[in-house]
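Step one of this worksheet: look at the structure below.
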Amino acid sequence: MKILIWNENEHEMSNALVRRLYPDGIHGALAAAFKDDGSASVSTATLAEPEHGLTEEKLRNTDVLIWWGHKAHGKVSDEIVARVQQRVWEGMGLIVLHSGHFSKIFRVLMGTPCSLSWREAGEVERLWVINRNHPIAAGLPPFIEIQHEEMYGEPFTIPEPMETVFVSWFEGGEVFRSGVTFQRGAGRIFYFRPGHEAYPTYHNLQILQIIRNAAHWAHNPLPAWRTVNDAPNVPHGQAPVPLQVKGPRLHEDGEAGYR
Amino acid sequence: MKILIWNENEHEMSNALVRRLYPDGIHGALAAAFKDDGSASVSTATLAEPEHGLTEEKLRNTDVLIWWGHKAHGKVSDEIVARVQQRVWEGMGLIVLHSGHFSKIFRVLMGTPCSLSWREAGEVERLWVINRNHPIAAGLPPFIEIQHEEMYGEPFTIPEPMETVFVSWFEGGEVFRSGVTFQRGAGRIFYFRPGHEAYPTYHNLQILQIIRNAAHWAHNPLPAWRTVNDAPNVPHGQAPVPLQVKGPRLHEDGEAGYR
Amino acid sequence: MKILIWNENEHEMSNALVRRLYPDGIHGALAAAFKDDGSASVSTATLAEPEHGLTEEKLRNTDVLIWWGHKAHGKVSDEIVARVQQRVWEGMGLIVLHSGHFSKIFRVLMGTPCSLSWREAGEVERLWVINRNHPIAAGLPPFIEIQHEEMYGEPFTIPEPMETVFVSWFEGGEVFRSGVTFQRGAGRIFYFRPGHEAYPTYHNLQILQIIRNAAHWAHNPLPAWRTVNDAPNVPHGQAPVPLQVKGPRLHEDGEAGYR
Amino acid sequence: MKILIWNENEHEMSNALVRRLYPDGIHGALAAAFKDDGSASVSTATLAEPEHGLTEEKLRNTDVLIWWGHKAHGKVSDEIVARVQQRVWEGMGLIVLHSGHFSKIFRVLMGTPCSLSWREAGEVERLWVINRNHPIAAGLPPFIEIQHEEMYGEPFTIPEPMETVFVSWFEGGEVFRSGVTFQRGAGRIFYFRPGHEAYPTYHNLQILQIIRNAAHWAHNPLPAWRTVNDAPNVPHGQAPVPLQVKGPRLHEDGEAGYR
């Protein structure tokens, strides 16, 4: 399983606190989740690299992409977002973390605003496991407690999830669907809430375990669905039950449809 | 209930066959679905009008938008697509017909390719009611038969629907999920397959009944959710359970988050 | 819309506190939700009545059944549970309240344990609206606060809901999917968490509004699907596409299948 | 992965045609699906065995149960159905085949009638893959054709599936959702339509491949959720946020709730 961890990597450059928490970048901390996972090979990419480190070739060789972004969502090129979306449709898994709820890639895959309410007060977050034996929750206790986290509150404007795996309780009184799954084309998507850059959340072993579990869950070993965008014409003579044409036609056999 | 029927209206201009079938345009034929519906007021709009007939004001005064497009998907302005999407999120119902599967508005709301296979051979389509007592199926027999239709075949690359109301059987051997529901933000969406421009499908009273049923189902009478895109900051002193700030912060109370 | 409110009505008989809170029974308090609703006619039934007040005729004339039970789940006759289930399949709406999560009728409709964790400590419950413009949430603010309620905690072992409308936050640290929708056959089902008998929850106007909203949402005006259990044989000569029989057969045309 | 194939095994005893098609029983034919699967160990059980071959111990040592039944659904003991249901809730996978749609175990897990229409005419069935890269569809072409099968037609009264993997086209004009997934408790369920006892369907290598794929998909390697039925009381002093009791109580700390 080839994992690519993408990180915007801007806070780490500009903010001493974040740099101290994540001296190897958030992507570096996330990579540690897989260091004892013999079945995973991990690489990283950041916004500042050419093509944001997300070249056609790199994406073609990625089974699961993990995404962390926040202040620079707008700097991500639309062309590269379309490229990532295409790979998700073909079957690449995608794990979107925390402030990535407002990333272009998550928004175009959901088709919704992906908005929420928020507060940065270092409060307690407790993630409850809702779907106890889901592969993403493997090895977890009934809940995980994080002593200091940013609050995200409902309504979280996403489509109704395929599965709700975690729901969070916040000290200040809000709740949030913190772990939710979706499928788009052949690609499985997991959104996972925790991970504010001002706190050491990605050094929490339980959080890393969830991310590792999610990568395995999102991995689709089947061959990429390269033709997922195609709209093939099936000529009447090649129908499963061959037909004679009846009535008028606007199109010729085998022609490309309109888009 | 204020219904707006949007039609690309290009085939009617350029093709004598289509013009003969739909002398008032496909939008005109669809409007007939509501002529005895005392609770509906219907208007129409076409691509050629300024802003495609989809001005801010017009959309603000629309409860349910019905969409037919085919050869001119690419001519629809991205800005207006975003405007329609915003209104769906706010609660406007949307009914996407036939070749509208490849419309920009349907694709951005689904987040998937919306591709399928197809054939224009005038074959028989039989729509089976899967969810018998669904409001969209009100008044229908177990199945509807259309003598001449274009074939659309699976896989139809949409997200798993909220509900599958109709599945079609085609004479040439294919099947298709022909009536499927979704929700995005506060807006309900119904995709309905039949309606190739070369056939008189929109003069079929059962088809018109389904479209009328769908409009009623998609209508959300609650006030528009104008703030659906907002990501409000909830200051620690105004939390449901007021808090003291713990630990470091990157943001100030009440500031706007990153997008 | 004919609403039938069913209440076990045992705590009211045996416990002075509950009797003081609900002198007309919990069913009486719930009936008040509809007193200004000109479109609803309400009746009530209790466990102690013949056939628990749920005769064939009574159920046939019920559009939406509201269910409150707790200590006497085991006293409800299996035959009457099957009768109620049949009516839900035919299209009768069902609203299951609070401790009704362990009622026979909810369990047979879900096919799951419907278990949860709980605590009776009079703590604060805050119900967040997740699906803001859902008909069941009409007229509500972003959250509802109840000063004293019993806690129900996840995991709540139900199938993944069709829609999650409310999620609760509890003072003691738990969360719960407090308002969830399902469909079984033609019947819509809403489970709604609040309503411990030791607190005045069913005198809370917001709670009553939700229950009233839910009744309207659950009401399916289409004719009852009386044949929902049937497995009709379609003889080969009466197929939509008439057939000749090919190969061997074990059954005769028109015979009843095995059950 | 420990697979248990359960077969009613009545047609094989009473009907020469079925015996000739399945000399080792339908269970024997199904077992062949796994003969080259090094990760699966397969055993079989039939109705006539003590406890139908489904002892507590046998089920505790089963990861995935495959179920074929038809004329003897009513002979399966309710006690054993409850035992199987409990194991599904704990995480055992379940694959229900063909006429098993009316088995007690499938009906109690779905909570719906599971009815459909049918015809035994040896007609062509074509199964279309709807969810192309789903693990259950691994290795398949766009559709599978079976020359002679029994027809099952919609409406199939099941809850809206988690995923629709296959939809069938029948020569006589009907359609059917032939491969659908569900989850109940921790257990994954796959219903798969083909397999009438009068035809050699279970000697079709593509059909066997789907059943093998489904077994791998349904296998949950996590430890069994033995406490899935429990409703634990969480005393106020042991809440995640310890509480003082406020207001009146009907229950004592740690007592068992009502069922």
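Per-chain residue numbering starts at 1, and chain names A, B, C and D are given in the order in which the chains are listed.
By definition in this document, a contact is a pair of C-beta atoms (placed from the backbone, for glycine too) under 8 Å apart; a residue touches a chain by one contact, two chains touch by 3 or more.
Because the structure is a prediction, the values reported are computed rather than measured.
At the interface between chain A and chain B, over half of the residue numbers involved are used by both copies, so each side presents largely the same positions. Taking the mean Cα position of each chain as its centre, C sits at the greatest distance from chain A. Across the two interfaces under comparison, B-D and C-D, the one joined by more C-beta contacts turns out to be C-D. Chain centres here are Cα means. That of chain A falls 31 Å from that of chain D.
The geometric centre of chain C is 27 Å away from that of chain D, both derived from CA atoms.
Inter-chain centre distance (chain B to chain D, centres taken as mean C-alpha positions): 36 Å. Shared interface positions of chain B, defined as residues touching 2 or more other chains, are 126, 131-132, 153, 160, 162, 169, 173-174, 240. Across the interface of their complex, chain B is touched by residues 126, 128-132, 142, 153-156, 160, 162-164, 167-170, 173-175, 177 of chain D. Partner chain B is touched in their complex by these residues of chain C: 91, 126, 132-133, 135, 138, 143, 145, 162, 169, 183, 186, 220, 222, 225, 240. The residues of chain B lying in touch with chain A in their complex are 11, 15, 17-18, 70-74, 85, 89, 99, 102, 108-113, 115-123, 148, 151, 153, 157, 159-160, 162, 171-174, 182-185, 197-199, 228-236, 239-251, 257-259.
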